[in-house]
Structure formats: C-alpha cells, structure tokens
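Listed after this line are the structures, all set down as structure tokens.
Consider the two complexes below, in which chain A is the common component and chain B and chain C are the respective partners.
This part shows the complex of A and B:
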C-alpha cells in the first residue's frame, strides 16, 4: 500500500485555546477514511491545515512523501475539496464558474465537467445565487471532480441537506471511488451514512485522536454489555476498557473497548444473574468514545 | 438488483451482500450463467464502498457460487445447484440457531421450544389452507 498523506506531531492553537497537539496519522492511497468528532473538536481546522489554507503551530504534513506547508500550491492540484458551505460568487453563472476553475488545474477535464453538469441537471447559464443548497453541493462536486483529484477531502458537506440529496451525493462519491480509486477523507457527523463507505475511522476528542483504526476491527473489538445483578452492584466494577456506563438499580449497561475473552471472563467473575453481549453501531461507538 | 443493506447492522455489509446473492440463487431469481451487475453498478445502487462489493464477489467466487469471465464480468456459476442445496441447509440451520438463542434468553427449556415449534408449524399449515381457498 502506498502512503498518500502523513501528518507528524501536528499542533494548533487559536490564542489560548488549544485545538489539538501532537496529532499524527497516516493515510493509504485508495481507501475511505472517516473523521468523527463533536462540533468544535477541530475537524475543519485539521482539514484547513492539510489544504495549506492556515498554518500549523507545530508538526509537519507530507503529501506523497513531499513536505507541504502553509501556502504550498503543488499538492492542491491533486486534492479535491468539498466544504460544508460553498464560497461561490452568487452573481456568476454555473458555466462561468467552471471556466474560472479550469484555469487553476492542469488536470482539468472539460468534457468531464460538462458530463457532470448534465448528470446533476445543472444549467450552465443559471446564476449561482438562484441554486438551492442541494444544487450548490452538486456544483461543488462538479468543480471538485472535473479536476480529477487523487485525494478528495469532504468537510461535512451534506449536513443540513435532506435524505435523498445526501444519498445522491454519496452515490456520486461511490461512483468516483469505483472509477478512479480516489482516496477519500470524510469529516462528518452523519455517522450512519458514513458507515456505508468508510474503511478506517478516526475519532478526534479533547485535542487528540482517541481512535485510529480499521472500521471492521473497531466494530469487532467493541461490545455492549448488559448485566443484571441480585442486588445493586458495587460502585467500581473493576473492569478494564469501559468507555461508557449507565446504571439503573440492579442493572448496568457498559460499552467496552477493547473487547476480548479476558474482558468477558472479567464480567463473568462479577457473577451477574444475567449477561447480554451485543455488537455496537458506529454511531454508538462514537458516542461512547466522546461521552463525558 | 433490488437489495436492501443495513449498514449499522453487526453483520458486515459484504456478508449482507453475499447472503442476498446466495438467497437469490437458491430461489432461482438468479440463474446459472446469468450475469451479475458490475461492481461499480451494484456499489452505486446500494450506495456502499466498491471495495466492499468487490470483497463479496471475491468471497462468492472462492466459495464457488460465481465465476469471473471476460476479464471483469461476474456470472452465477453453471454448477451452483449442488452448492446451493448445501447452502440452503446451512441457512435453515442458522434460522433455528437464532430462534433457539432468542428463546434461550427467556429461559425456555428444550421441551417447551419443541412444543412451540410444532404448534407454530400447525398454525402455519392452517393459515396456508385458509389462503388457498
């Protein structure tokens, strides 16, 4: 596998507020990465540093082995970026915007741009300000994909859109993956949808990566445990890896990571009357990791 | 191919795709030597990662249910009938394993489960006769 992006010991603060510190990660070409984190955890800040739009305070970013920094231009040629809110000039026409962007990219494919407009039923003569939010997202996508990016960064672009529009968007990303083997870095809070395409999960919490793991391994190594006891159990259960805990009298519900046979044996030693072990959805895994 | 995937399920998506395709083969909705949708088309239709569809196809090929021809296109294997017989038997076993597991959660004994099973069969026969009128 070829590494496409590497981040080493990245740190960033805004004034006195530290967003993150000592953040390191590595992405392989052709895979889909999901970045999860609550609002304000620094997902957008991280993406802006990757794009070279804002500088980092510490650390380094490498794109295909080359160090890139604030203001680096070369790697932007190969990166497609779809933000949460578009920055288009409302007075421009759709076709004008595509021509305007074409000038910035060596790999720009005019025929592809025209095809994408047709697929999205976007009229090249329409003024951008007259487009709906869903249509603006499609225009963002047409601009990003016409430049045939090797690496696609999505910063929560589907939030606030209706379900059918979000699925259309995902479907187009899926086709792009199939056609071009693009690497995708997808920050989102719509975890249920991410679960359709994600292969590797990052969870950013409290300024550090609390999860950096293959999606299947993450799901396989997390379990929900429902225990019921004869009398209310002690305050401290003495189990390792408890991410979240809920109590209701004689019943306890835990999310445990990493789950193992030893963890199960540990739970058994508490001699519960009844024990249920269940797999956990990515949404619940995310909630458990960032709880409290 | 009409198919529903539940991404949040504890059953991995590629397993869900495999099960759906096998059940279509066993029901005859997909026939021997029939062409399957391309990875790109099925991934687009289900809105799942193409790598996931590729993995499901790869597994099905290894298990002998489908074959790859003409480079990339996938077809239902011509000799899938015997395999499907065994697969159906396995699926039936799983259905009961699941039901027994669920019933066990409520503390039912083997005898109670057997009795409930026979009553359910009887009720089902009655229902089918009713519908046949």
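This part shows the complex of A and C:
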C-alpha cells in the first residue's frame, strides 16, 4: 500500500492550552480512517492543519512523501473537504458555489457536479441560506466530489443530521467513495456511525494519540468480560490490559485490550461464579479508551 | 479564480455599491440646488471628496476579510487549493474593481455635472506651506490609500467598524506625523541630533511625500497583511494581531528608511537646512532657514546670521532700515511649545520679543502666529493668530516695533466679514500712515493666490473694516520706502467668472480709486518694480507686459517663448535699472535670462546647479538671487560680470 499522508511529531497550542503534542500518524491510500475523540480534543484543529487553514506550532506533514507547509496549495487539488459547519457564502446560489469552486480545481468535473445535484435533488438556483442542514451537507458533498479527490477529509459532517440522512450519507456516499479507492479520513465524536465503514481507527485523548490500529484487529483483540462472584470481588483483580472496569455489588464488567488466551486464563483463576466474554462495539472501545 | 472572486465580491457588496450611487445622486442634486453659491459648492465638493468617497473606500476595504470571519467562511476559503496571497490579491482586486467603478462614477459626475465640474476646477486643500494638492490627487490617492489600509487591516477583526476606525486612525496619524512631525523634531535638543535628523525627510517637497512616501504606508500594511495571512494563525486573533504588528513595523521601517535614503540621496547628506522664506530689501537678501535668519549684502559679500531660530513657519517680514520680524519656537512649561514674534535690526542687534505667548496673563496665550507684516517705516508689525485650542479664534494684531501698543482686532471684523476657521489670510501691509492694515482673506479651503479672495482695510484705531475688493487674487502692495509712502497702491487680479476674464487692477487704498490696467482671459501673476512705478505681468502663459503707473499705459506687451512662466511670483522679477529676469527651462537645463525694458533678451546665464525643481528667482538691482529648493541653497549672480556666488 502507498502512504498518502504522514504526520510527524505535530504539536499545537491555543494560548496556554496545549491541544496536542508530538502527534504522529500515517495513512495509506485507499482506506477509510476514523479519527475519534471527544469534543475539544483537537480533531478539527488537526484537520485544519492538514488543510493549511491554520499553522502547526511544530511537526511536519507529508503528502505522498512530499513535505507540505502551511501555505502549500498544490496538494489540496487532490483533497476534498467536508467541514463540520457550513462555511458557505450564504448569499450565493447553489450553482454559483459550484462555479466558484470549479475555478480552484484543475480536475473539476462539471458533469459530475450536475449529476450530484440531480441525485441530491438540489436546485442550482436555490440560495444556500435557504437550504436545510442536510441539503447543505449534500451540497458540500457535491463540491468535494466534483473535484474528484483522491483523499477526502470529513470533519464531523453528520452531527446535527437526522438519522435517515446520516444513514444515506454514510452507507451510500462514503461507502461508494471508499469502494472507488478514495482515501477517507473521517473525524467524528458520533462513533457508532463509523463502525459500518471504518478500516483504521485513531483515538485522540488528552492531547495524545491513544489508539492507532486497524479497526478489525482492534475489535478482534478487545473483549468485554462480565464476572459474577459469590462474595464481594477482590479489590485488585490482577488482570492485564483492563481499559475500563465497572463494579455492581458482586458483579464486575471489564473491557480488556489486548484480549488473549492468557487474559482469559487470568480471569478464570479468579474463580468467578459466572464469566461472559463478548465482542465489543467501536463505541465501547472508544469509551473505554477515553473514559477509562 | 479571479473572475469568480470578482463575481462573489460584487454580489456580496452590491448593496454598498448602490449606496455609493445613491450618494452621488444626492450630491448631484445638491450641487444643482446650490450651483450659484460658491462657498456651498466648495463645501459640497469637500464633503464629497474628503468625507463621502473616503468613507466608501474605508467601508469597502474593511469588508475584505472581516465578512469572511463573521460568516466563518475563512476556513472554507483557505482550504481551497490556492496560495493565501493569491486569495488576498484576488479579493483585493475584486474589491478594488468596485472602488474603481465608484471612482469612475465620481469622475463622470465631475465631468458632466456643470456645477461639480466648476467646483472641481478650483477646489483644492491648503497643505503645508501653502502647497496645494489637486482634486485628482485627493479624489483618487486618498481613497485608494484608505481602501488599501482598511483591506489590509480587515484580516485582524470580524468587526468592520473596528477596522474602519483603525484604518482611518493609522492613516491619518501617519500622514499627519509625516507632514507635521518635523516641527516637533526641530524642537529636540542638539544632543539628540540623530532624531532631529529625521527632520530631513520633511524637507522634501510635500508632493514627494504625497506621491512617494504616502503610498508606501498602505503598501507596507498590505505587505504585512499578506505575510500575516501566510504565517499567522487565523484561529487566534491575538497571535494574528501580534504577527501583523511585527510585519507592519518592519515594512513601515523599511518604507520610511527607503524614503530617508531616497531623500538623502536626492538632496545630499550635507544639505542645508531648508530655506523657508526670502525677501529682498534695498538690494540685500534676507532669508529665513530652519537654522536661523540671515542677511546677505551682495555689494560687500557679507553674510550675517541675524538670529538663530528654529522651525520658522510664518516667514519673515522686513521693514524700515532692514529690521526683520520673525517667529520662533520655545519650549516651556513642560514640553509645550510656544511660538513668539520677534524683531531684530539689520545688524543682528537688539532682538526683542513682541509677544509672550507662554505667559498666562498674555492675551496671546497659546496662540499660533501665521502671518507677519511690517510697516515700511519699520515702526509697526501686524500679524494674525489662531488659538490652537480654538481654531475659530482668528485675530488680527498690531504691535509697535518697541513691543508696546499690542492691540487685537477680533470680534467685529470676524463677525461682520464672516471670516471662518481654516481661512487663509495674508497681511499686505499698512496704509494710512500705519493707521490701517490691509489684509486679504481667502475663502474657506482656498489659499490667497487663488481666485475668490477679498481685500480689506482694517482701521487700527477705530476697528472699522472696509471691503476694498472682492473676487480677486494675488494682491500686492506697492514696495515700501524708508519712512513709508502715501498713498498705498495695491495691485491685484480681479476675476470675472461670468465672462471668464481676469483684470489686472490698481487700487488706491486711501481714495479707493480703481484703475484697470489690463484685461485678458488669464493673468498668471505680476511683480512691482523696486521703485513701485511699474508692473511686469504674465498673461496667456507666454506673454509678458510692462505697465507704467505714472504714464498709465502699457509700455510693452510681447510674446516671449521658451521661458518658464508657470509661477510668475517665483519666475519673474525686476533687475538692474529697468530689466526683467525670467526663469528659463530648455531641454532640462535651467537658466536665468535677463531682458531689457523692451523685453529683448540680453543674456542667458545657466544656473550653477542642476535641479529637478523650479528654482525661485528674485531680482535685487545689479544682482539676481536664485533659490535651489532641492538642496536648499541660495545663489547670487552679478548681472554685470555674470559671476555666480553661493551665499548659503
């Protein structure tokens, strides 16, 4: 696989508040990446740095092996961006926004833009300020896709959308792009949505990257463990890799990573009355990593 | 991208464009309604040029990036695949195109609306030392400068009104600092010579400041704005402002440094302090510089510094026996500067302060003296003051040469003659055995040699004011003699706007008898001969006439080609017995020509220096004097031997 994006030791602060530091990650072409983190963890900041909207305090960004700076522009020809909020110029009409963007992209496909408008039932003459949140997202999508991006960055675009629109967006559009080989970098705090499409997961917490894993490997090696005891369970269970622990009387619920036969044997040595081992969802993994 | 950006900006700011059109429509109607009222037309022109158009430019410029921050669209714009300086430039050009269209509408209004056109031809704003800037410079350079400044600053705030305020404040502060800061620098003690040397920048012609240094200020801010865009963090306003301030400081320093280098290289490191005024009296040259007042007698070759004086703004007045009245600054009461009027004799002895503007008990406390004249007998001095704390308080004063008899004339003549602040006023001299003062106030916003001035006689004893003439310009009192001469004869140019005619007129200030000397479509200016019995005047740009007062007839009227007669007061004078000296400019070479009484060229003497500016020529009998206003030198030439000497 070809590396499309690499970040080395990136750091950013706003005043005295350090958003993240020493952040390094690498993205391979053609995969779907999920960037998870609570609100305010720096997902949008990271994306804005990648897009040259704001500068990093330290660190380097490489796109297709070429170092890109704050004011680099040519690599953005290949990057589509769907922002969290609609930054559009409200006074414009739908068609005008497409024409406006067409002037920036060499690979702009006008026919595709028209097709997308038709598919989303968007009227080119409609003023953007009159569109609903979902329609604006579709318009953002049309703009991003008409530029035929190799790398698509989505910054929490589905927050605030109703469920059917979110579903359509993720199932149809993002899946379609991923199938066509576009690298997708999806930042969100609505974790369960990613589950259906994500291939690799990054989790930001406390200014650090706490997870950088292939999603299926991560899921396969994380388990929920439910233990019931005859008497109150020991204070220290002595199990390794416990991400989260919840106690309820004689019952204990654990999320363990990495899960292994040794971990299972360790649990059995505690002689529980009952022991249940379950696979976990991405949301569980996320919650376990960031909430502890 | 540029086309799309232009479309976007035009769509977004079209409301402002409509506002501009509505404004011009309003002004057009107002000009029509007041087409016969010259003062109202000037006021309207001033409001349109100095208020309305600059405000439009500020609003347009400030909307540049402020609106993108307000709508949070900046991140969207910056994520497009284009360099940030290209976005800056595209937006700048887009909004500039709108400003250009607005200015074109302004130009169309000025071209095709008869009243606006008429007002535009004569409208100008007095600038430092009576230099004026034309409507074109005001109408275009000022809005362009303010627009660029506001656009550059619009990257700092989402609040347009803050940007408008900042841009106006910085622009005007810097321009005022550059234009007037020299006076304060001149007050610095000599040990701070380095700071004082900054003064040099302002020695150059004001137009240079306007056309060269002034555009560098908004351009510095523009460069800082672009660099901030490519280096600054737009999610952090404080950090962004700090980055901008740093770049702006560097670019401003570079711009001003460039201005200094340019100035130094053009006038030389060892340039003299500026010559601010010169008068010829009984064949001797009296001249004021920023380092003092000098008297040069070409017959003996002696040059004496009569007084050390800094920052002479109001020129000098020379009177009976070669006494010199002048103003100078002093610092007292902390850092406050006071301007006082002094008088000194021809030998540089007996200096006497005629005013004490720093004294709390003085009626002149804190006054700014801006016009000085001395009676031909040298016994009285008249001057005009403006109170710095109340610009409306314009007062005419007279004082005896020994410092006694200070008397001010303020309320009666100001009220009755509607003299208002900002009005430029010149004192021609005394009449009626020094009992009256002749003054010529120019209309609001005008300077005295433009048309529209009045000629007034103020009786020093009774305070009665007589209007001797109206709609005139360039009045000159006949040269004085020892002990004065009666009656006072005044020559001036009368302007008839209806018939588009100018008339050179003589007026006896005592009998009020008037005599029309010469009438033509244009009379550029005139000079009295030292004896006060002849007038040499320029008409039709290339014609010179000589009129005899005693014979009441034109002695000569000739077409003279090849002379530089644009400013007759600086390019034409009398010399030798009945000769005339003229400035000549031929293929870039400046010369001085001597013509005889029949206006036949006798000789042409090449100036001993090269200059890009027009050198002022003055006659003084056998000698002629030439001021090199570029290097601040004064030269004299013996018209018999053709020998040049550098006096200063």
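As a convention for this text, the second predicted complex is superposed on the first by the 283 of 292 C-alpha atoms of A that agree within 3 Å, B and C clash if a C-alpha of one lies under 4 Å from a C-alpha of the other, contacts with A are read in each partner's own complex, and residues count from 1 in each chain.
What we mean here is this: a residue touches a chain if its C-beta (ideal position, glycine included) is under 8 Å from a C-beta of that chain, and two chains touch if they have at least 3 such contacts.
What you see is a predicted model, and the numbers here were worked out from it, not measured in a lab.
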Return first, second, both or neither, reflecting whether A:92 touches chain B, chain C, both chains, or no partner chain.
-> second
Between chain B and chain C, pick out the one touching the greater number of residues of chain A.
-> C
Look at A:276 in the shared chain and tell me whether it touches chain B only, chain C only, both, or neither; answer first, second, both or neither.
-> first
Which partner does A:216 contact after superposing on A: first (chain B), second (chain C), both, neither?
-> first
Following superposition on chain A, which residues of chain A contact chain B and also contact chain C?
-> none
State the interface residues of chain A toward chain B in the complex, per the touch definition above.
-> 31-32, 167, 170-171, 174-175, 177-179, 192-193, 195-199, 216, 219, 276, 278-279, 281-283
In the complex with chain A, residue positions of chain B that touch it = 5, 7-8, 10, 12-13, 39-40, 43-44, 46-51, 105
Touching chain C in the complex: which residues of chain A?
-> 14-15, 45, 48, 51-55, 70-71, 73-77, 79, 81, 83, 85, 87-92, 96, 99-105
Enumerate the contact residues on chain C facing chain A in the complex.
-> 1, 3-5, 7-8, 11-12, 71-86, 230-236, 238
